[in-house]
Amino acid sequence: MFNKVLIANRGEIAVRILRACRELGMQTVAVYSEADRHALHVRYADEAYLLGGAQSRDSYLRGDKIIEIARKCGAGAIHPGYGFLAERADFAQACQDAGLAFIGPRPSAIAAMGDKAVARATVTRAGVPVVPGTEGEGSLRDDELLQLAPQIGFPLLIKATAGGGGKGMREVRFLEEMPGLLNAARREAEASFGDGNVYLEKLVEGARHIEIQILADEHGNVVHLGERECSLQRRHQKLLEESPSPFVGENEELRQRMGEVAVRAAQAVHYVNAGTIEFLVDKDKNFYFLEMNTRLQVEHPVTELVTGLDIVKEQIRIARGRHLRYQQSDVRMNGWAIECRINAEDPYNNFLPSTGRISHSILPTGPGVRVDTGVFPGFEISPYYDSLISKLIVWGETRAEAILRMRRALEEYKIVGVRTNIPFHQNLMDSHRFMGGQFDTRFVEERFSMDAPEEGRGSRPEIAAIFATLVAHRETQLAAHVIRRGERDTSNWKWLSRWERLQR
Amino acid sequence: MFNKVLIANRGEIAVRILRACRELGMQTVAVYSEADRHALHVRYADEAYLLGGAQSRDSYLRGDKIIEIARKCGAGAIHPGYGFLAERADFAQACQDAGLAFIGPRPSAIAAMGDKAVARATVTRAGVPVVPGTEGEGSLRDDELLQLAPQIGFPLLIKATAGGGGKGMREVRFLEEMPGLLNAARREAEASFGDGNVYLEKLVEGARHIEIQILADEHGNVVHLGERECSLQRRHQKLLEESPSPFVGENEELRQRMGEVAVRAAQAVHYVNAGTIEFLVDKDKNFYFLEMNTRLQVEHPVTELVTGLDIVKEQIRIARGRHLRYQQSDVRMNGWAIECRINAEDPYNNFLPSTGRISHSILPTGPGVRVDTGVFPGFEISPYYDSLISKLIVWGETRAEAILRMRRALEEYKIVGVRTNIPFHQNLMDSHRFMGGQFDTRFVEERFSMDAPEEGRGSRPEIAAIFATLVAHRETQLAAHVIRRGERDTSNWKWLSRWERLQR
Amino acid sequence: MKYVTTIGEREFLVEIVDDNTVIVDGVTFLVDFDSAGSQPVYSMLVDGRSYEAYVYPAEDSLQVLLHGTLYTANVEDEREKRLRASAGSRVAERGEYYLKAPMPGLVVTVPVKEGQAVERGDVLLILESMKMQNELKSPRAGKVGRVRVKPGDSVEQRQTLLSVV
Amino acid sequence: MKYVTTIGEREFLVEIVDDNTVIVDGVTFLVDFDSAGSQPVYSMLVDGRSYEAYVYPAEDSLQVLLHGTLYTANVEDEREKRLRASAGSRVAERGEYYLKAPMPGLVVTVPVKEGQAVERGDVLLILESMKMQNELKSPRAGKVGRVRVKPGDSVEQRQTLLSVV
């Protein structure tokens, strides 16, 4: 039985997993790239080993090196987190071959679900409904895909076979733009997952993205932990998740039906460990299997807060061969949880990523607030990895309480050094459609704007004018002061004190 | 019905109350002293008004000014927090006279319970057992107290009649030292509460300090929210609290019996709002009423984490005249919570308070961790107020999980700029007696040492030696570098760059 | 000291009387203004109301991020304002616009050519950074000037990529 | 560079070979040492093990706070150590001890008088700060020298209060 775990990841999820290991009394091993020497996961781990250069392909994607380190330092298990090597069946297999426990599903399940086309075929056989798309072989050539596209119908989606998280995904409105978009999607998929294969899928309009978390042990027990609402996305990147879904709401029958279908999908590939079945749900509450994420999800905390379970600890227990501690009837959802993904990107400038050193930060704290992060004041947000700075998660007795709590937490959260999407979330929390639970996967892109706050939000231009004028006034005064001294070289204050000494 | 609340306090508790108000959609008003212009409670409130100088008597104890501000700005209620004016019946009365809701009990209940001697007499009549002490009139003179002391027996405690939190408390071992200690206790009581009256109480040896949280509405409903274990104290200051108590543990019958007695004590004074009944519990599980705190306690969060209730929100609902939303049978304790009080004091130097500017901080975050704090990087810890920087609170499914989680949270928590008692808590978490739940109110002072870590804790002198040597080496190198240049005036780096420019 | 501060269509006449007094359009406010621990975060009490904002310097303006709303403010002192007024209308959107890399990254595509006419909002360049493909758009209509980079180039933050004339 | 570093009763011979190599008592360690964002917090990897510590300068020593344990370390370079050894035994606890205020506060009592003999641990002065009465104790036996403050005095941090000869 393993007692030392290597975490093959970085950022907030590496810290999250480290904490779970530590709280189970396990030794922890971090791996890091040259850009991450000062990252929290390196600082918090018991051991830390350098993988290589900042680029993922030189570090966090180097499965061979990671396995070598695990063997050398005596780690008995590897937790892959999400992204990087998390859904690579070959890596899971290599771990197994090296005698290391892979904290995740068996390689065969990753392979079956990882190839989205195979996944769809498999779950269809198990009686799970799927969205129309290019089933069968996953590695179709561009000419084949272009031929199949009109049969599926437009609009459709190009999706990365190995992918997830919106990477390598493109929306196609008509055939003519498809070759260029195929190119772009394959390039992004290659860069993100080392696999440029893509497939096509019908775009269900007005759809909601709702997913079911499942846990499965090695002894054939599978439970689901209810749903997560993930419809708030931009460019197919999730921005905000909640549990329960306001769309499922009090409809316990729908929740259980989706849960049962999810369990069936997991069983179809003899799934073990934590996983997520993503569904598209249309206005009439028909739901379609979208894909299975055979790993821990970014948004797992919302499920933790409403079920009271620690999913990462459950993952480790399962990997140690334990039986699930819960039957389906023991799983109860209590209250409401919302997660905002805080990204280093500027919502006022086309959501462009923002890099730089975090010079100052005030975290929201207090009752019902959880922050999962890998950054701290002094940490450099580099362009090498994704822009997720932290996850701000709140719990409330009701959805209304959770929203009010999220509002105050967002207002409290201060990050200086990079621009963040906190104002985006603040606007979202004030949006009447969000409050009413009236949104689909296109809401953010098509019906939400940062420029026109809805009525009811206090617009305060005169206060902003005072702020701006006082800041400008201060700078003018300071500049005038310095120019009067006739000196601008070297630091002003240093120079002034030196100048004053000379006058004595 | 009020919709704007003035918070007559500072620090973490002012922030805590502000958050509750904001999450209930209420307007918030902060008051502050000249030392607190940049405090979080001023920054987070909707409105903020200056009270006066840094000394409490010029600011946070100025009930008259606070009421005037509340009237002027249209606040309908005042929340007093803990300390300062929280247990002053005259202040509660003045609020009432000014037409302001006082978020706390009625003045009569504060008066009855606030004078510890009257309190003891009252609860005795209600059939609640009390510790032997000077009952009846609270304002005895020194000569009277000296006369009564031998009847109670030594060791005994001098306690402030108006007090709480260990302020104005002294332990007396024999009669001869009593006059001096009376003097000191009265002086401290006067400084802390503006009231120098004291009383005597038998010191129950080997006792545990266990308290029951109650909630009472204006309609006669009273529920208790289980117990808190508060035996870990130093100089009668609580340092760590947990809920449930490991001493009560699985003994549901004892818990319910203490709860019922607490409810009876509250009913004896027609108590309304949140309050706490403190008990001393001896080895044989006999329990004695110690005092009632007629206010929110510092340690209320541990009860919140195990019951899922938000005590401050309940206080506000009660003050708005609502019925309690829960009956006794609805209150369930789930899991285990521990709170460590993080104080600005040096555990390696006689716990002396430490003042200074917090230049850097990393908060522990992630699952099951809550931090309640009023400080942030850039904030100055001044000598004017108490040394509580923050409360670190964790929840776990079991006590063992909570301890492991607290350990990792303490290790993660970094505060630069002042010394803190974090190492004290780390040592406590590693102590076998703490882990085994084997401690009483004297444990910290008599059987715990920072100097002799228990076996099992990894002592790492060679690692410490490498750290020290590398830091010393760096400094030597830097100093040598500068001296070689023959210049020490002005900033080294500024100077060097200037020097280099001149050489070109 | 008197300033004219413009936010959107609105002009505010702001007079700074002393450290604690500001007159806005004839109304006097009691203010207490200070950096809140770390620039660019500022705390301000205005007649008792507590506000906190980020104030970022931008080209020729200040961006004020207040309670989740971004205001772009132009602050001019009264004298400047009068000078400018006498010199004619507001400065036209003229001159060359230089598209600079907002972050380090890899040039993926340059979908425009030198001399090509572009509209406001047209994509000028796609830059890969933080595992995302980021579209850099033209802030105004014009003609593409010199293109200084090509697909595959690594670029530094603030490096000039191309211009719009 | 060779140093002799003393912690409690133990002496470590620490040789700093280069930025990544340290030899302690003849055993070579691969180290990666750096400030962790903010002094005095340092991060160090030693043969892959990750440590974090506060290193505070104190009088003639460094205090290393590592995993909840405080180590007081004396670092001398080898040459200094040899010089000191040839000069005789360790420096005796001699000379005047100045009691300085560890924080700003109010003097409550001075329970000792000038010339009075005191033992190690005796209370020299009670200082009120942060609503607590703090006892300042003598670090060693001796006689009380000049007392520079009296009850009721407000004192600044580091102000000298009295001395023990």
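Each chain gets a letter, A, B, C and D, in the order it is written, and its residues are counted from 1.
By definition in this document, contacts are C-beta pairs under 8 Å (C-beta built on N, C-alpha and C of every residue); 3 or more make two chains touch, one makes a residue touch a chain.
Note that the structure is a prediction, hence the values are computed from the model and not measured.
K.L.:
What's the minimum number of touch steps needed to get from chain C to chain D?
P.N.:
2
K.L.:
Going by the stated contact rule, which chains contact chain B and chain C alike?
P.N.:
A
K.L.:
Starting from the Cα centroid of chain B, hunt down the chain whose centroid lies farthest away.
P.N.:
C
K.L.:
State the pair with the higher C-beta contact count; candidates are A-C and A-D.
P.N.:
A-C
K.L.:
So, what's the distance in Å between the C-alpha centres of chain D and chain B?
P.N.:
30
K.L.:
Please compute the C-alpha centroid of chain A, do the same for chain D, then give the distance between them in whole Å.
P.N.:
The mean C-alpha positions of chain A and chain D differ by 47 Å.
K.L.:
Let me have the rounded angstrom distance from the C-alpha centre of chain A over to the C-alpha centre of chain B, please.
P.N.:
Roughly 38 Å separates the two chain centres.
K.L.:
Going by the touch rule set out above, which residues of chain C reach two or more other chains?
P.N.:
37-38
K.L.:
Considering chain A alone, which of its residues make contact with at least two other chains?
P.N.:
Chain A, residues with two or more chain partners: 44, 360, 362, 376-378, 411.
K.L.:
Which pairs of chains touch each other?
P.N.:
A-B, A-C, A-D, B-C, B-D
K.L.:
Contact residues on chain D for chain B in the complex?
P.N.:
1, 3, 5, 7-8, 10, 12, 14, 16, 22, 24, 29, 31, 33, 37-42, 44, 46, 51, 53-55, 62-71, 73, 75, 77, 102-105, 108, 128-135, 137, 157
K.L.:
Which residues of chain B touch chain C once you look at their complex with the stated criterion?
P.N.:
The touching residues are 30, 37-38, 42-49, 73, 376-379.
K.L.:
Given the complex with chain D, which residues does chain B contribute to the contact?
P.N.:
167, 184, 187-188, 191-192, 344, 348-350, 352-355, 359-360, 362, 383-387, 410-411, 414, 416, 422-423, 426-427, 430, 450, 453, 457-473, 476
K.L.:
Can you tell me which positions in chain B touch chain A when the two form their complex?
P.N.:
15-16, 19-20, 22-25, 40, 44, 301, 304, 308, 310, 334-335, 360-363, 365-373, 376-378, 396-397, 401, 404-405, 407-408, 411-412, 490-491, 494, 498
K.L.:
Show which residues of chain C lie in contact with chain B when the two form their complex.
P.N.:
32, 34, 36-38, 43, 45, 48-50, 52
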